[in-house]
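Remarks on the structure that follows.
Going by the order they are written in, the chains are A, B and C; count residues from 1 in each one.
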Amino acid sequence: MILAANTSASGILSYLTTASNWDGSAGFLHRLLQHLGYSAETVLVSAVIALPLGLVTGHTGRGGTVVSMLSNASRALPTLGLLILFAILIGVGIEAAIIPLVFLAISSILVNTNVGVRNVDPSLVDAAKGMGLTPFQVLWHVEIPVALPLIVLGLRTAAIQVVSTATIAADVGLGGLGRYIIDGQASRNFAELGAGAVIVALFAIITEALFLLGQRLLVSPGIRLRARTA
Amino acid sequence: MLRQTPPTFHFHKVGDWQWVTDHRGYFWTLSRTHLYIALVAVLIGFLVALPLGVLAVRVPRTNPPILAVTTILYALPSLAVFAFLVGITGLTNNTVILPLAAYALAILVRSVTNGLNNVAEEVRISATAMGYGPLRRLVSVELPAAVPVIIAGLRVTTVASISLVTVGSLIGIGGLGQLFIAGENTDFITEILAGVVIVAFWAFLLDGLLLLSGRLLAPWARVSS
Amino acid sequence: MITFDHVSKRYDDGTLAVDDLSLECATGEITVLVGSSGCGKTTSLRMINRLVEPTSGTVSIDGTDVRSSDPARLRRMIGYVIQQGGLFPHRTVIENIATVPRLLGTPRPQARQRAQELMDLVGLPSSMAKRYPYQLSGGQQQRVGVARALAADPPLLLMDEPFSAVDPVVRKELQQELLNLQSQLGKTIVFVTHDIDEAVRLGDRIAVMQVGGKLVQFDTPERVLARPANAFVESFLGLDRGIKWLSFFPAKELPLRLPATIGPASGPVDVHRVAAAAASEWVLAVDGDRRPLGWLEAAALNGASSGTVDLGSLRSIGHAFSPATDSLRAALDALVLSPAGLAVGVDSGGALVGVANQDDINNAIQTAAADS
């Protein structure tokens, strides 16, 4: 078993370092960009839907039922099933991959944004209103900055889930890094499979790191460091 | 594998109710495997997360490495890990259970630490003042107070786990995901729809059961997921 | 001037928070709304800046109904301070203070300049400008809160239990500084508290409210203490109401007499001689600058007859009062604590001016009561 693991590790390495595996429409570069494209577009569309919804429901304290229903459904429906369903119903295309992935990603963005804004200390909101901030200014100058750690956490979780899950788009012929896993699996080529797995994992970890960096840059030290001392 | 051209759409196949009623036994067999994989994974994740979470809170030095490792675990794509594990654990349920347990662990460690950190300092101090030792205080004061947060974490984990088992079918491991693969191969929408609905049904059911048990275990608190 | 005209507030669940309140808060004065929790004092305050809308009646500022102004614009003209300051955790001290000027369109450099001045005014060192709220003590946070409310120089200031969350020593300090600020700025301040001592200390007028949102008495603190309107106000003022009331009468009318004193290096013989001459059991020991050191009881010195008096046998005077600046309350307190039954008055340098006994203080209280 150890021997097998060794040979497969060196096999993966040589697969990854073979220049021809990086070029062309089946090469790493092309599929990495494809994967990045699906993922970025999915996170963007999810954010455009879920952020405003989470902000408004959190700010007003209303629509909690809608938020929990949407997020529950978003978690409960299996992405693979939806992907295959949409691929058959609307045909193989970027939409067939993005719709199920958006559905998957909405939950964490929506819930974290909603909870983050809803849980902002009411006395802060009171002080802000009392000082003459309009409802929009209260949201923009107080609620969003204070809820930002949770909002970014929601986006980060969504991005990780999307990058990981976008691999299954390969199953319906939509390319991306999942191709190596599906093809490697089908042809018992463990070097190819392993190389794909390693690249996707690295991609996901880099995504995670980028979001952590973004959080550091966006969240005020007054909130970041307060949490640490608390 | 799917054809690249959009297939002709057979509407009569969407609501093939006869096929559904004919296959109830099959659904039940698949469901049993599916739930076994999903729930064992959550259970393992929980059993590891509990001591790890307590450790992370009790020994603050261990907190950053524990969170870092579990965060990386969470970032690993399930399909990649499944495929990778096939080489070691073979085509068994364990190949799916282990990665899902790792995801559950990643979420639940956070729930346990958040839950324990949620215990008000006054409560901790008065428990100590009343003569609770560290272990008894943990078991009879801090963990019960953390129950609502832990249950919320278990709900998220369980639902995600039930949904993710389906990905195992891409590497040929059982569960309700089989319905997707079979339906895909035969362009049979009813079968795919049935799979989606049954998976969602189990997810909602177990979510509801956990919600209910949370209310029974911690009637004093409500935490929304 | 802020005017409440038959204002009532009934919440959706049916509770009557404020019941037919009519009240005038005079310009340039501190009006304190005081009462136990649930008496509607905060609700009343929040109707001034429209955080709460009355169910009936009108609230007006200088004759203009507050409902005729846009809420946000109205609030920018009214300073607002709440418990623990309500400081924005993501902004530094200086950014917090500059909030309203920035909202009003003041360019950033000027707004910061103004914020610096306010930090000076409320006694915050400028080294704190770049700190975040979590790095400040409760008292410092409260100072930032006050500075932030004053930033746009609003004529009106609403303060909702601003000092409730800080410890008594800091609270007293903040109260004194508010009074100092007010003597410089002359704002119209409405102040809510549940602490009757704070109300008495700060208020030019105090409005006592009772559960159910009823105003039961509105008068100067002195008159509220002297003549509570009903049993509720009386019990709210507590069993030391008379003592509190005495703080409104200066001690300078109090007739003082010179006690029997001995200087440094006196012996027991001197004590007996002075005591006999003054026909008094107690002799006050003073130092070379006539600052009181303590009381000596002649009878207790019978045993020794030679040498100097042992300073260890002195009994503490409790505390002295200053006839020029203190009230009868301080004089009475000095009397209560004195073993000789004599309150010791001193000048600003701490030197003995004279003493007063119980009868003297009684007479002064009688006279004061008759005059008020």
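Criterion: a residue touches a chain if its C-beta (ideal position, glycine included) is under 8 Å from a C-beta of that chain, and two chains touch if they have at least 3 such contacts.
Owing to the predicted nature of the structure, the values given are computational and were not obtained by experimental measurement.
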Would you identify the shape of the chain contact graph, picking one of line, ring, star, complete or other? line
Select the chain at the greatest separation from chain A, using centres from the mean of Cα atoms. C
Centroid spacing, where centroids are CA-atom means, of chain A and chain C in whole angstrom: 57
Distance between chain centroids, defined by C-alpha means - chain B, chain C (Å): 60
Distance-wise, how many Å sit between the C-alpha centres of chain A and chain B, to the nearest whole number? 18
Two or more other chains are touched by the chain B residues none
Pull out every residue in chain A that's touching 2 or more other chains. none
Touching residues of chain A toward chain C in the complex: what are they? 123-124, 126-134, 137, 141-142, 145-146, 148, 219-223, 225-226, 229-230
Taking the complex as given, what residues does chain B use to touch chain A? 1-2, 4-7, 9, 71-72, 74-81, 83-84, 86-88, 156, 159-160, 162-163, 166-167, 169-171, 176-177, 179-180, 183-184, 187, 189, 192-193, 195-196, 199-200, 203-204, 207, 224-225
Chain B-touching residues of chain A, taken from the complex the two chains share: 1, 4-5, 8, 64, 68, 71-73, 75-82, 84-85, 87-92, 111, 115, 160, 163-165, 167-168, 171-173, 178, 181-182, 184-185, 190, 193-194, 196-198, 200-201, 204-205, 207-208
So, in the complex, the side of chain C touching chain A is made of residues 49, 51, 71-78, 80, 82-92, 99-100, 103, 132-134, 148-149, 158
